[in-house]
Each structure stands twice: as structure tokens, then as C-alpha cells.
Amino acid sequence: MGTEPHISQTKVRVRYAETDQMGVVYHANYFIWFEVGRVELMRQAGLDYRDMEREEGCLVVVVEATARYKSPARYDNELTIHTHIRSVRGSIIRFAYQITYCETLLCEGETTHIVVGRDMKRKPLPEKYAKRFADLAHPME
Amino acid sequence: MGTEPHISQTKVRVRYAETDQMGVVYHANYFIWFEVGRVELMRQAGLDYRDMEREEGCLVVVVEATARYKSPARYDNELTIHTHIRSVRGSIIRFAYQITYCETLLCEGETTHIVVGRDMKRKPLPEKYAKRFADLAHPME
Amino acid sequence: MGTEPHISQTKVRVRYAETDQMGVVYHANYFIWFEVGRVELMRQAGLDYRDMEREEGCLVVVVEATARYKSPARYDNELTIHTHIRSVRGSIIRFAYQITYCETLLCEGETTHIVVGRDMKRKPLPEKYAKRFADLAHPME
Amino acid sequence: MGTEPHISQTKVRVRYAETDQMGVVYHANYFIWFEVGRVELMRQAGLDYRDMEREEGCLVVVVEATARYKSPARYDNELTIHTHIRSVRGSIIRFAYQITYCETLLCEGETTHIVVGRDMKRKPLPEKYAKRFADLAHPME
């Protein structure tokens, strides 16, 4: 039915600073990579989060974040971040992520965001972005 | 019936490095504070995570982590991390957290962990720790 | 002649997130601790960096930072950050640091800062702060 | 005389997590990027730091690090890290870095490293690496 979301892919290489004394990546770093995935998804869709902040005064704040860890990432691994938009409703946007190394799934997660103004009060997503996000969530509809 | 878990409290002050250009704390940092809370809960219970790693060869790895953000933390705020053990079953331990500033709840979350050896294979929690963790989860039983 | 600077001391405990796969603290973290030391030095002197930013519109930006590493810090070590002001001249402030564990010196360093406004242009340090900083650099003069 | 060092170039994009409430990159992050530059310089020279740790038991630890900040990096900027080896003498290696955005120099710095074994005691750089590093420092000699 053509309602598969657009999945963006982007790569990051594990930095030494991101490892911990267990010899694997410290778990909080995956949330930073999720954000790299979000920004790249937007960029690939012709949207620029920086402009959204600067020109529209729209901040997209995280209200919930979850990660499930399947297998550890290690130093110097080149990882792929797969990101898609799960839903857009009013000022609420939900993203989902998978992080893989070679063909192995290392981590999957979701984040939920709301759009606020510089006063930290909720505001609607500007029309231009709302439409584009909806297209990404359901490209063919 | 006296089954309230023991809740540990510890304080952290927000560092400049932990803020982002929104002027609030970057969301991934709360997972680092959750870990500070876990370690302090153990310390207050007479357990030392460092020894557990070094002497018992037990690594407590994160398999799932969730945070829900209610209100932003800001630079130099002195925050309180409230941590308790939600359950201990075999090699699976679940912690829950609340982070507050003054009387305001900023963030709450949970993490699930499994105990593994240096080979990253699952192993049972050593008796001494299992008993102590169970006591913390249900202090009066 | 009583020109020894005031040295502030503050403590931090090494977090798991701050270690790397060598089993010691990743070197960039010391610069974050230097900042913790600066803020506490100011607080002990009755000054609040947060107010300086918010009320005076003064940002104290780093223009140079150096650290020399003598011995590694390890997970859960409780470290002491010793901070003093080396000099204050116009809008230029120089701090120096030592980080110790028990009686062992782990790291020492210096940072140089200039005061700028929100437009990132240099501006003089407000009188109240200039005087207090000078007192800290040379308490008895 | 052909003694210009080989300069490697690699790119990083500024992450939201790397900004602070001044709206620019937090200064400690440049040291992490210096490390990205070192690793890429080695990779471009056919050396793999991961192997050096794993197969040779050689850890390259930082003994001194300096950065001078000229102009701030901002969110989403794509930066270029220029890295070269300044000198190799026994177990001491010195790297130098410049970080640029478009044609603007944002930061320059140096790091000094020594080679140690897993026991944290100094050991000579293995022959294969010593020769290759010397070639990078003085490619034509």
C-alpha cells in the first residue's frame, strides 16, 4: 500500500572517547547517534534543523527516549544509523532507529519529541515542516 | 506490608559541558546521571561496583534504558537523583530513577541490566550481591 | 609578601562514562573538571558565573587550554580539583589547576579566557568581578 | 628538501550534543576531534590503532594536550581536521592539528604521547610503526 516510511541511513565511526572500561561503547552515546540520525533524515528530506531553530524559532525537544541494546559496538567500528519517522501528530513527532554494524543489529530505539518556541511553550510544527515530515512517515500516500 | 524499596539519594551539579545550545541540559546526560545514582545506591548498601567488576569479574551491562523528560535542567542547578531497585530476577536487575530540582520532577526513567562475565556471556549475580540487591528491592521482607 | 593566590578545592568522583577502553579516564574529561574547578572557585568567592552570563551578558570564553597528564585517574576515584587564578589583566583571565587523587598529582593545567558579550566581541570584565578576581589572584595585596 | 610532513584531512560534522549554552561548541570537544584526526592519519598511512592496541599491546597515552581557540565552531558545521606528526623520538610521538570551517581556522593544537604496555610502563614503539610514523613526519627523507 506504499505506506512504508522513508528510512535514512548515515554512518558514524566509534571514537575512542565513546568507549568505556568494559571495552565497548558507553550506552548513553547511542542517544547522541540517534540525534545524528534524525538530523540526517531531515537533511536528506531537504530540511535543515538549524534553520528550523534559527528562522522559525522552533525547538524540537525530546520528551521520551528509549534504547534496547542487543550487541556491543566497539572502538573504530563503522556503524550505520537507520532512522525513520514513526508518526507526526500536531506538535508531536516520533522517530525510530536501528544501529547496525555490518549486518548485525546492535541497538534499536525510539524518541518522542514536541515542538516548542524559545519560551519552551508548545507550538505547532510550521506547515512546511509538518507536510514534509508526514511525507517521510508515509511517502506514497 | 513493608515492601517499599530503599531509595537512595545523591546530588550532582549541572556542568557547563552538559548544556546544549537550547540553554538546557542535553538529554543523553540523564543516562549518565542514572548511572551515578546506581553506583551510589550500591555504595550506600555497602556494595562497590568497582570490586564487583575487578574481584568477581561481573560486568553489569545495560540492555534497555528509558527516560521521560518533564522539565529541563539548567546550568549550575543542583539536582537530586533518586534511585531504587525495581526487581532482581536471576541475572536481570531493573533500576528506576527520578531526577528532581528543588521539588520539581525533571526526569524519570528505568534501566534493565544483565550480569555478564568478561567474555560478555550471561552469568548469575554472585550470591552476596543477589541477596543485598533483593534486600534493597524489598527491604522488610 | 602575602601574594599567594587563593586556591579553591572541590571534589568530583570519576563516572563510568568518563573512562575509556584503556581502563582509565579519557583525557578530554580533565578539561571539564577544570571548568568545575573554575566555577567552584568563583562560587567560594561569592561570585556566580551563571549570573555573570545572565545579568551582565558576560561570557567567559576559553582561548587556550593545556593539560599535562602525570598519572591516570580511574573509575570511582574521588578526585580533588585545586584551582587558582594566575592573573587578571583587562579582559584576560588565567586559571591554573591541579587534579589529585589521595596525595598523588594526576594532572595539571592552565586555561586562558577572555570576556566577551553576547555578540562574541571582547568587553571589559565588570568592575565587581574584576576586583574580586584580582583579590583571588593576590589575596593580601 | 621534501621534509614537509604528510598532513591528513578528515571531516566531522558538529553534533547538537557538542554545543553548549553559549551556542557554540564546548571547548573540550576539540580534543576528541584531535583524536579522530590522529586515528585517520594512521589509517591513511596503513596503520590501525586498534590493532596496535590489540596485537602489539601498545597503548598510546596522552601526556600533554594544548588547544588554542580562534573562532567558534557551531552546530551542524562540517569541519576539517588537519593532522600531522611533528616528531617521533623513541617512545615519544608529537602530533599537531588545525581545525577549519570553510577557509577559517577555528582551533589549533598539539598533543604529546608516549607508548606504554598494558602495565602502563613505557615501552618502545614497535619497529613497523616507528618507521611508518617517521615517514609521515618526514615523507621524503
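First chain written, first letter: the chains are A, B, C and D, and each begins at residue 1.
We adopt the following convention: a residue touches a chain if its C-beta (ideal position, glycine included) is under 8 Å from a C-beta of that chain, and two chains touch if they have at least 3 such contacts.
The structure displayed is predicted, hence computed values, not measured ones.
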Using C-alpha centres only, name the chain that sits farthest from chain B.
D
Give the pair among C-D, A-D or B-D whose set of contact pairs overlaps with that of A-C by over half, matching residues by number.
B-D
Where the CA atoms of chain A average out and where those of chain B average out, how many Å apart are those spots?
25
List the centre-to-centre spacing of chain B and chain D in whole Å, with centres computed as mean CA coordinates.
35
Rounded to the nearest Å, the gap between Cα centres of chain B and chain C is 29
Multi-chain contacts in chain A: which residues touch at least two other chains?
16-17, 22, 28, 32, 75
Contact set on chain A toward chain C in their complex:
16-17, 19-24, 26, 28, 75
If we count contacts the way the header does, which residues on chain B are in touch with chain C in the complex?
15-17, 32, 35-36, 39, 48-50, 75-76
Chain A-facing residues of chain B, complex
22, 27-29, 31-32, 59, 61-69, 72, 120
